[in-house]
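Multiple structures follow.
What follows is chain A paired twice: with chain B in the first complex and chain C in the second.
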Partner chain A sequence: MSDRMPRASGYFRTGYAQEMALTKTRLERASLFVFVVLLLAFPYFASAFYLDLANQVFLAAIGALSLMLLTGYAGQVSLGHAGLLAAGAFTAGILYKEINAPIYLTIPAAAVTGAVLGVIFGLPSLRLRGLYLAVSTLALHFIVVYLGGEYETKRGFSTGITIDAPVIAGFRLYGGKIWYFILLTFAAGTLLICVNLLRSRTGRAWRAIHSHETVAEALGISIAGYKLLAFVISSAMAAVAGALFAYYRSFVSVEAFSLFLSIQYVAMIIIGGMGSLLGALLGAVFVTLFPYLIEAALMKLPNAQSYAGLLFAVNYAAFGVVMILFLVFEPQGLVGIWRRIQTYFLLWPFKHKPVAGARK
Partner chain B sequence: MQLFVNIIVLSSIYALIACGYVLIYRVSRVLNLAHGELMMLGSYLLLTTASSFSGHPAAAIAAAVVLSLTVGVLVYVFLMRKMTGEMALAAVLTTVALGILLRGLMVLIWSAQQQYPGQALGFSNPAIALPGGGRISTFAALLVLATALTYAALFFFLRFGRWGVRMRAAGQNPLLAAQRGINLHAVYALAWGLSTLTGSIAGMLISLDSGLTNTMVIIGLKAFPAALVGGLDSLAGALVGALIIGAAEVLSIQYIDPLLSDVVPFLILIAMLVVRPWGLFGTREELDRV
Partner chain C sequence: MAELAIDRLTLRFGGLVVLDGVSFSVEAGELLALIGPNGAGKTSVFNCISGIYHGDGAIRFRGQDIRGKAPHQIARLGVARTFQHGELFPHMTVIENLLTGRHARIRTNPLAEMLFLPSVKREEVRQREAVERIIDFVELERYRHTPVGGLPFGTQKIIGFARALALEPAILLLDEPSAGLNREEREDLARFILRIKHELKIAMIWIEHDMQMVADLADRIHVLDYGRTLASGPAESVLKDERVVAAYLGTGKKT
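Moving on to the complex of A and B:
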């Protein structure tokens, strides 16, 4: 197989199987291998701080990938993603507190909760489009977060629910390194599910709905079914991310799931680049690391300690600026920049793509 | 009676804020989710002018009002102008980003502590006893009055004013309006200015009445369901919507659960979206345009 694989210089696909293949060229396969090895080796070299950063990136990546499926591919806008994360986190937290459920029950339970909420979040999409749909998801976010807060106050956990480190077969899941591998597995699994959905019938149906609903319906695609499916799958993934977040932080509180978190997820897929899974990953990395970059930059300034209290305000302002810059000047996001660089080198010494380019 | 007064006051707060959403949406089909932040910026501007014009409260208020109008126009000229003609959603997300930016900047400039522009201006806020046993604070009464005046002024402006007619024309059909020689950018800038102005008046009066913290953004966001329930492109609808949302919120605080008050507007919003997404007084074909 390997010697029949083309090099990056040409696009000699002669069958559908080649078009569907996960890695298309030798270079792609080799770089993927190197990347995986680096990912697996990372926790043995990194300090606790960088491990924590990586874990946050993985959590964000699961959420961003699920939102990308919904918004970037199926074209259904959601401003309530944090509500779904909250639902997952609270499912895990409540099951743990009330019946002391183990992690291998709470995570599937979170997924089920997410799927049910996905139907609820998705129902308005059968009637509403664009702006109005965004508003309805925004409203649902507030309702989910309210229900979580209501549980906290009624049961007397007004500062939040603490969750002990889960135990599987006598083995305690605790510490950055173990969670690195758990979260990496979940993130990779999510990515694989997304890739497979997108290169199959479901993904094509979503893209058709995104481009033109009426035409998609004329092609025999069940609009309602596939829209709801997009919401259900995306919400289930987000809820699992929320449950993992709860276990990773050992703590659930409604304060963590503000509207700002929803906006951050939307920002991830915009900054990363709409309609691209790579974009979701890049966006997750960028948005997660951004506050730490700002903090590091701020601490370089003279008498840094006096600014420490203002850090969150600086973060807010800088985040707003970056989001505006991407929306106005680079709507394609980081992936757009990446593709432009790629095209530049692929075409060098020429400047422009042929009209019917082989590569998008 | 007190309940009735509370409903009226809260409804006028929502109505005064909601007309800002309606103005921009009606003219340019952009939903301005930074309205809460712009409104808060207005009351912080009042705080600043109050200290620079100390002893002249009227001058301070006038300066703050002019400044907020300018801010609205500047937001359009420097930011939203670039988003005209883009996807409606990109424009909405830009306003969200603007809101985050403003929130950060306001904390940086004015700090996050609770402040009282009323004290800075030297105003006291005595309660007025109403016939029938209710009480209303002076600035709350002023707020109800300001809402009535603003709506009356906007109705006349949009109906008879030269620029008001232009705004309605631009909202109905931008292409035809541009062909008839209406300067769309000027009309949109004016809409943003007026929207920020009305929002700021609401923000100033709220802060004069009960102080100024960054929770004001939530009031701004809760006024959005009022605009949508009434119909996003209808000013009269915004009044009715504000009354519905205000009444529901006050009654649920009184009879059900105070925690519910932040959610009730959104529950009504969802109910409305399910039953009649274009709102009570909105235009039906709106939905297909977005």
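Moving on to the complex of A and C:
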């Protein structure tokens, strides 16, 4: 979390609280301000298509951040992320259909459902590790999707549950622009919660468990407690993302939560860069936009229409190739590339880092 | 009352007897060296004390039997330890490693941490001040913000030592703190150990192979060989004991 290299000269800190601040220099504050202004201005210039892309990115970002907490920081591998999104989406959908619950109840309810599921599928993590744990989380995915499917058939929504645009105080939450701001708020809130957890006791405990369980325990960290906490917090966030997804699409169906979705989330944190929140965000952007890029590239080719049927296959294949390329050539992911560029400019005109005090 | 008293501690892995009726105790401000050839069971004693292994017999911390408690509960009582190879958290900075060492002393709950409430911030600043005092004590100021994975091994050992100290322990278990240190680092370590003993009055159990250091610093020595107590007492007499010399250096006689 802390700076690995001095970012600016002439900024002297006079208290430890200043080192905990999220933005430390005037330049950082200024660039953050500009970035926020751009984000807020975006929907007023963007077309409906780009607005939808941005919203998808925000949803993916919430999911990726929550998975990064669990896998990238606490070190618990999970392939059940799509199951948690589904659980959130179905909680919102079912509560809406059955008792017409308003959005300000269904979203917290989704978080609670996620948290409860987090405890349940966190329990195997007390015994299992790595691949074995991943397989046990896979079970959760199938259970949730099965239950969702049962609900759909039993209640006669065999094509899925439709949800009307929610109304808060007479105001109808409908359209890409409104949802842009809602999803942006939730994504920013999730990011802030993650950052805060990671700069305090809980985050340190997770990272400690990730590198040495026995040592962490000998330092007074309750392994079981913090593993479960990681699952609970991560799952609650993912379920909220699922519920938001349901409202944004006005539709819930088990088809949306395939195993491929779980793999996409894992891909986001790998491509973005393990153990970095920025990595989760970059990964979410990349994996969400990637299929659209491929499609655009394919359509540029001569005789484009004749390949249209191949689009699906090409997409999957390209996705696989990109994953492999990242694992082989850039294990640190997009964030590694980003850091290298940053270092280049920080050191310019020199090429090498100073030897002592500022490694990596 | 002794800070830590071990009474007839026995540990078996299947048919292998690792520890066989080991008894000793250590007082506040006392430096007890635990020595013995490789495989004598020294680290196993530590693992029993910190709850990683479960042996038979009694382990009393200030009169309270801690046998059967989970490692994190024992740590919270104030039993801190270092590890043979440092075992630091490589991606975390020195400060973060030490703050993790203070885990048991920090009282913030995850909900407040999510929002980084002013109470959390105040607590973090307070903890940081405590960590800075330890960094000052072990003279690691220049590495404060460096991820420890890239630091020299000797420095890492000192950080591991500092991390155990960060817990504000009543008892410090030192597992070969000097292994892998050069001459200068050993002298620093000896100085730190003596300062802890005299200024902080912490009871220390110290596994060590450097007999010169042991002879110079230890108040008492307890010798293990194949899980049994071979000798126990003040440094001068124990190091002259024939059986100890035989176990360590071998004798000229054919057995």
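What we mean here is this: the second predicted complex is superposed on the first by the 340 of 360 C-alpha atoms of A that agree within 3 Å, B and C clash if a C-alpha of one lies under 4 Å from a C-alpha of the other, contacts with A are read in each partner's own complex, and residues count from 1 in each chain.
Here, contacts are C-beta pairs under 8 Å (C-beta built on N, C-alpha and C of every residue); 3 or more make two chains touch, one makes a residue touch a chain.
Keep in mind that this is a model prediction, so the values were computed, not measured.
J.: Identify the partner contact of A:139: answer first if only chain B is touched, second if only chain C is, both if each is, neither if none is.
T.: Touch status of A:139: first partner only.
J.: Could you look at A:199 and tell me whether it touches chain B, chain C, both or neither (first, second, both, neither)?
T.: second
J.: When the two structures are overlaid on chain A, which partner does A:15 contact: first (chain B), second (chain C), both, or neither?
T.: second
J.: Touching A:220 in the superposition: chain B (first), chain C (second), both, neither?
T.: second
J.: In the superposed arrangement, does A:129 touch chain B (first), chain C (second), both or neither?
T.: A:129: touches chain B, not chain C.
J.: One more residue to check, A:316. First (chain B), second (chain C), both or neither?
T.: first
J.: Across the complex, what residues on chain C touch chain A?
T.: Contacts found on chain C: 50, 52, 70-72, 75-76, 80-81, 83, 87, 89-93, 95-96, 99-101, 103-104, 106, 108, 110, 113-116, 120-121, 124-125, 128-129, 132, 142-143, 145-147, 150, 163, 167.
J.: Name, in rising order, each residue of chain A that touches chain C in their complex.
T.: 1-4, 15-17, 19-20, 193, 196-197, 199-205, 207-208, 211-212, 214-223, 229, 233, 275, 356-360
J.: Under the stated contact criterion, what part of chain A meets chain B in this complex?
T.: Contact set of chain A toward chain B: 77, 123-124, 127-132, 134-136, 138-140, 142-143, 146, 149-150, 153, 259-260, 263, 266-267, 270, 310, 312-321, 323-324, 327-328, 331.
J.: Which bits of chain B are touching chain A when the two form their complex?
T.: Of all residues in chain B, those touching chain A are 31, 79, 82-83, 86, 88-90, 92-94, 96-105, 107-108, 112, 221, 224-225, 228, 259-260, 262-263, 266-267, 269-270, 273-274, 277, 287-288, 290.
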